[in-house]
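Chain lettering (A, B, C and D) follows the sequence in which the chains are written, and residue indices restart at 1 in each chain.
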Amino acid sequence: MKGWMTRFKAVMALTVMALILSGCGEPFLSTLQPRGEGAAMLLELIILSTVIMLFVFVVVMAIYIYVIIKFRQKKGQEDFIPKQTEGSHALETLWTVIPIILLLILAVPTVQYTFAFADVNTPEVSEEGEELDQIWIDVTGKQYWWHFEYEGLDVTTSQEIYIPTDRRVYLSMISDDVIHSFWVPSIQGKMDVNPTGNRNEMWLQADEEGVYWGKCAELCGPSHSLMDFKVIAVSPGEFEEWVEDMQGVTGEEEPETATAQAGQEIYEENCLSCHAVGSSPNKVGPNLTNFADRDKLAGVFDMTEENLFEWIDTKGEEMKPGNLMVDAPYDLNEEEINQVIEYLMTLSPSDVTPESADNGVYIDSDLSDLFPEEEEDADEESEEDDEVDEDEETDEETDENDEE
Amino acid sequence: MADNTNSANQTQKKQFYKKKHREQMKHQVITFAMMIAFTMLAFGLVMAEVDAMFTVPIILVLAAVQVLFQLYYFMHMAEEGHEWPAAMIYSGVFAAVLTILALTIIVWW
Amino acid sequence: MSTTAENKAGFGSVLWDYLTTVDHKKIAILYLIGGLFFFILGGLQAMLIRIQLIAPDNEFISAQFYNEVLTMHGTTMIFLAAMPLIFALMNAVLPLQIGARDVAFPFINSLGFWLFFFGGIFLNVSWFAGGAPDVGWTAYAPLSLFSESHGVDYYAIGLQIAGFGTLMGGINFIVTVVNMRAPGMTYMRMPLFTWTSFIASVLILFAFPALTVGLFLLTFDRLFGGNFFDPEMGGNVIIWEHLFWIFGHPEVYILILPAFGVFSEIIPTFSKKRLFGYSSMVFATILIAFLGFMVWAHHMFTVGLGPIANSIFAVATMAIAVPTGIKIFNWLFTMWGGNIRLTSPMVIALGFVPTFTIGGMTGVMLASAAADFQYHDTYFVVAHFHYVIVGGTVLGIFAGIIYWWPKMFGTMLNEKLNHWFFWLFFIGFHLTFFFQHFLGLMGMPRRYWKFLPDQGLDLFNLISTIGAFGMAIGTIIFLVNVVMTQMKGEKVSGDPWDARTLEWAIPSPPPFYNFKQEPLVRGLDALWVEKMQGNGKIQPAEPLGDIHMPNRTFVPFVISLGLFIAGFGVMYQGAMWILAGIGFATTFGAMLYRSLKDDIGYHVHKEELEEEGDGSNG
Amino acid sequence: MAEDVLKSGNLPENPERATLEGRNKFMGFWFFLGGEVVLFASLFGTYLALRNSTVDGPTGQEIFGLGLVFLMTVILLTSSLTSVYAMYHMKNNDFKKMQLWLGITVLLGFAFLGLEIYEFVHYVNDYGFGFSTSAFSTAFYTLVGFHGAHVAFGLLWIISLMIRNRKRGLNLYNAPKFYIASLYWHFIDVVWVFIFTVVYLMGKVG
């Protein structure tokens, strides 16, 4: 699908535009500095339409300025009565036909790309011509945080997802409460996260390692503006390592220091009802398996002890207005909170952290180790399809159960 | 605005109108009979449990025809002076069809 | 409001006069006052938004309050400011432009105003009753079901009441145009403002019922245990989105078409040329309205309707650029070869052309479904719609108010202050909204209470807030101008702009019966035709005779008041049901009274008319 | 002209459109009906989107009784015919007969409304099918209830017209009122035709 844009890229105006635009915004956030295939395609479309619009604007403004200068009333001409022209068929046809042509130029790639973005069923093909395994992540949007489950990998996390660079990762998205919208501007366009049976699907692909900011783009309550998340793109090898490390966590690991052990006990008593460490289904609060490695606390705050203390102490009441942790019934004193913090800070199962995204280390992998049972390729395809279908069926079942 | 014709003329006119109205009324009674027949047909199809693929389009068409009867015969939409009413009803139908299509087709489950 | 005769009358009798009036020219003034009031209110809310966003991580107002302000800003501006101001212009001008003595339904016209008024008040009572609606002007379910305060109930019921008013106003104007045109005023001789208002009214007729139903469903879900939007009970949240936008998209053309009409009057007048391509302008208007019904899902590209639906709606949306482009070029070529006078309405029209073009072009960019995945719900969209709404509708409204001010009040707003107003407002506007395009592209979603530091968003937000102050100062100058002009009260002639259409053929302000004798229209731009071919006066189509006028009535006020009261009962239920009883009894009682009591109006007799002297221009 | 509109007798062919006010009413009401088309379309669309969302509640197939609906349909269709008769006599300037036929129309309308209420009560009591049972039930009651409310309003309207004018006969002032009331009544019938088809018959077919 890049083919047709390449021709356009030759146009000087485009390059200039791209240069100007790419100066805009921060690389981890701006749609104008794409770091993934999706955002890059979308930027092409944005530039194409901008160029068309600039062309139209120039034409309109040229006539406009000419008219104002030329036909302004001159001194002594107050009584001049111009010819009362009725219209002109030739002109009117002209400005009907030209816009139609311009719109067609825009409409064709629009339709192409719209279909390209909706395609989540064709697996990618490696350089050797083999079909790659599709990594599916179940995304759940909740007031005001995000939950992620890696399908078939037994890995659960919240607030941040890790993805391998250079290949597509597929998302299947649903909401537990109101509508949210999942958006990682520098990697991919947004998609709504709806609460009904419909799971929206999309793909993500990052070209470069990095920590990319995600935003909730649909008004979902007071803390809508604080419902940020991160996409951490690491090299495939690092991703594989991360998955394996995460799979190892059961939540029962004993921390080393005594304070942390005390903290763990407090945690189990007060927090476990809503939070989890280790793979677990989506609960009331975020999964904390790799909490200590988080780039940000609750999506937006710096990961400092003070912030964490305030968060647990006030249940985030002022920090994230309307957040659902305020319902937590616990009542902890300063010491207990510090113990919990100490425990939480031990939750770092992997060496792969947000820092791995810019440490310059690149480890290659085709990730096939993560999907062992599908290694034989003969009937791999059908098997995989079956599995997806099965997943969908279970989803539907759960939905129905919910309704009951 | 008031009629300025003399009274002899008036009575004559009246007679003429009366006749015309009676004609119309005949049509309307026939229309009514057909509407009742259509209704019975529609109910009959459903009660007889004829195949749904067959029944649904038919009863929808029957309903549409009945509605046209109402509009054109009972509500006189065919008579002169009804150009705007017809235009507006059909514009309404246009918006209505789009609405119903949207709510039946591009609403997921 | 201002004529000396009325100033002498006591305040009480003036008030009573306006409470019971069925004169479209007075109803226009009521709409104008109501609309400007809500425009200032919505503007103050906009200022709160901009002050909150002046700097990153700002805590000027709380998150909850921000959402309330944001919702009320959008709702107030669209339903309570822009719509009534458009109705003000329509009421003031449309009957005069077609040579009618009155609108088709004077009673319903006044009912429409009072319903709007009480609906607007009802909505704003929420501020004092536990919190305003906080779910955005689009009130997407299920957030609107989750919202705990009664705010959303105020939204649903308030808009329901105001919406009935709008619907009635719309029907009134359609029938007025169809039935009340003066002899010779064929459809293809109607001024373009009349045409666009007519088509906008048709849009109202077909778009508002969808909103009515949507609001009923929302009310049922929130107050009566309905399950339309409750996924747990099998409900479906997408229904609301469809219904809202089936209404919502035509609504934006309801807002813009009359503004197009205003500029189509102003540009010919001040270019001293007839409108270029009149019939294609009419055709384009109809086409925009028609296409306007088939594109609503462009607000829902990211909802997950699938690529087929997205593509269809994307292409349909782009198509609207064609008829709109026809209009833009026709305006330009109306000026071409003309004799352009830079009066303030004309300068505003000149400000409108490029501004709206930019807004329309970003609209077409949004219509590119895939690209909208990046734009949707960001400040890019906010920039788009303020460019078309403020740059189109609001400029159109202000241009129209200034242009027809002499016709409505018989006085002339100070030109110098008008120019000051325009330039401050215009420059402020571009400062405010131009950079928001980039904010959106740089990753700032809309409806954000805060944005974070170190994300490169600080500077443009700051500029945007500064610009908003420019708009505020501009608006204040306009208001000052209004007050000063009315205090001075200098009278002007019936045709101060040397204009072209019928409304300028009668005195300013017009007598309550508009035309002493029905005018005979002999061509497009009726007055201009007479200026060129005749003695500059419109020929009468009938000999002087009695004029039939409707009686004043208090009933519309009472009907609306009843619904206002009933709204509280329906919302609070329990013991408050009694309010619902009282309210509905009042409304239906008043309706019954209206339909049982003969009201055949009265006559202004020929003799009285003769005494008043020449009713024509000058 | 004003006062003569109250004189009865000697009316032109289309008394409902003989005065400007009458023509306005006539047009305005037709346009209003155009808007009503969209209103009901929105309700039908909503109903169609939700008609399978019965959750735990009963389905339409289980509860709809076609016999009753058929009876209701025939009653309403007949009332449409009787109101045509009323207009027929109006055009012939026969006020008494017009009142008579309007009276019959009203009676049929009440019969219809009574059956509808009976139907709803029956669903609630015998099937536990209330307004809040499921999204389907909410949509059903809203759609059919909106129609019922229209019927009720139409009845009140026609009755008040009949009572108000019982003594003074037909004139150019009230003829348009009677005429648009009868248009309204036909429109109610139009909507019902779709209700019995889309809701009941299609619901029964499944």
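Just so we're on the same page, a contact is a pair of C-beta atoms (placed from the backbone, for glycine too) under 8 Å apart; a residue touches a chain by one contact, two chains touch by 3 or more.
What you see is a predicted model; the values in this text were computed from it and never measured.
Between B-C and A-B, more C-beta contact pairs are found at B-C. Legend note: the chain whose CA centroid lies nearest the centroid of all displayed protein CA atoms is C.
Work out the mean CA point of chain B and of chain C, and you get 36 Å between them. Rounded to a whole number, the gap between the C-alpha centres of chain A and chain B is 54 angstrom.
Look at where the CA atoms of chain C average out and do the same for chain D: the two points lie 34 Å apart. Centre-to-centre separation of chain B and chain D, using mean CA positions: 14 Å. Residue positions of chain C touching 2 or more other chains, listed in rising order: 174, 178, 205-207, 210, 233-234, 236, 238-239, 242, 246, 304, 306. In chain B, the residues touching two or more other chains are 84, 88, 91-92, 95, 99, 102-103, 107-109. Across the assembly, chain A contributes residues 196-198, 403 that each touch 2 or more other chains. The part of chain B that touches chain A in the complex is made up of residues 108-109.
Residues of chain A touching chain C in their complex: 21, 24-26, 29-32, 39, 41-42, 45-46, 49-50, 53, 56-57, 60-61, 63-64, 67-68, 71-73, 77, 80-88, 91-92, 95-96, 99-100, 103, 106-107, 110-111, 113-118, 177-179, 181, 183, 185-186, 188-192, 194-198, 200, 213, 215-226, 228, 300, 321-322, 402-403. Here chain C touches chain B in the complex through residues 174, 178, 202, 205-207, 210, 236, 238-239, 242, 246, 293-294, 296-297, 304-306, 309, going by the rule given at the top.
Against chain A, in their complex, chain C makes its touches with residues 62-64, 66-67, 134-136, 140, 142-143, 146, 231-234, 236-238, 271-274, 276-280, 302-304, 306-307, 310-311, 314-315, 318-319, 321-322, 325-326, 328-330, 332-333, 335-342, 350, 353-354, 357-358, 361-362, 364-365, 367-374, 376-378, 438, 441-443, 445, 447-452, 454-456.
Residue ranges on chain D touching chain C, taken from their complex, read 1-3, 5-6, 20, 23-24, 27-28, 31-32, 34-36, 38-39, 42-43, 45-46, 49-50, 53-55, 131-132, 134-139, 142, 157, 160-161, 164, 173, 177.
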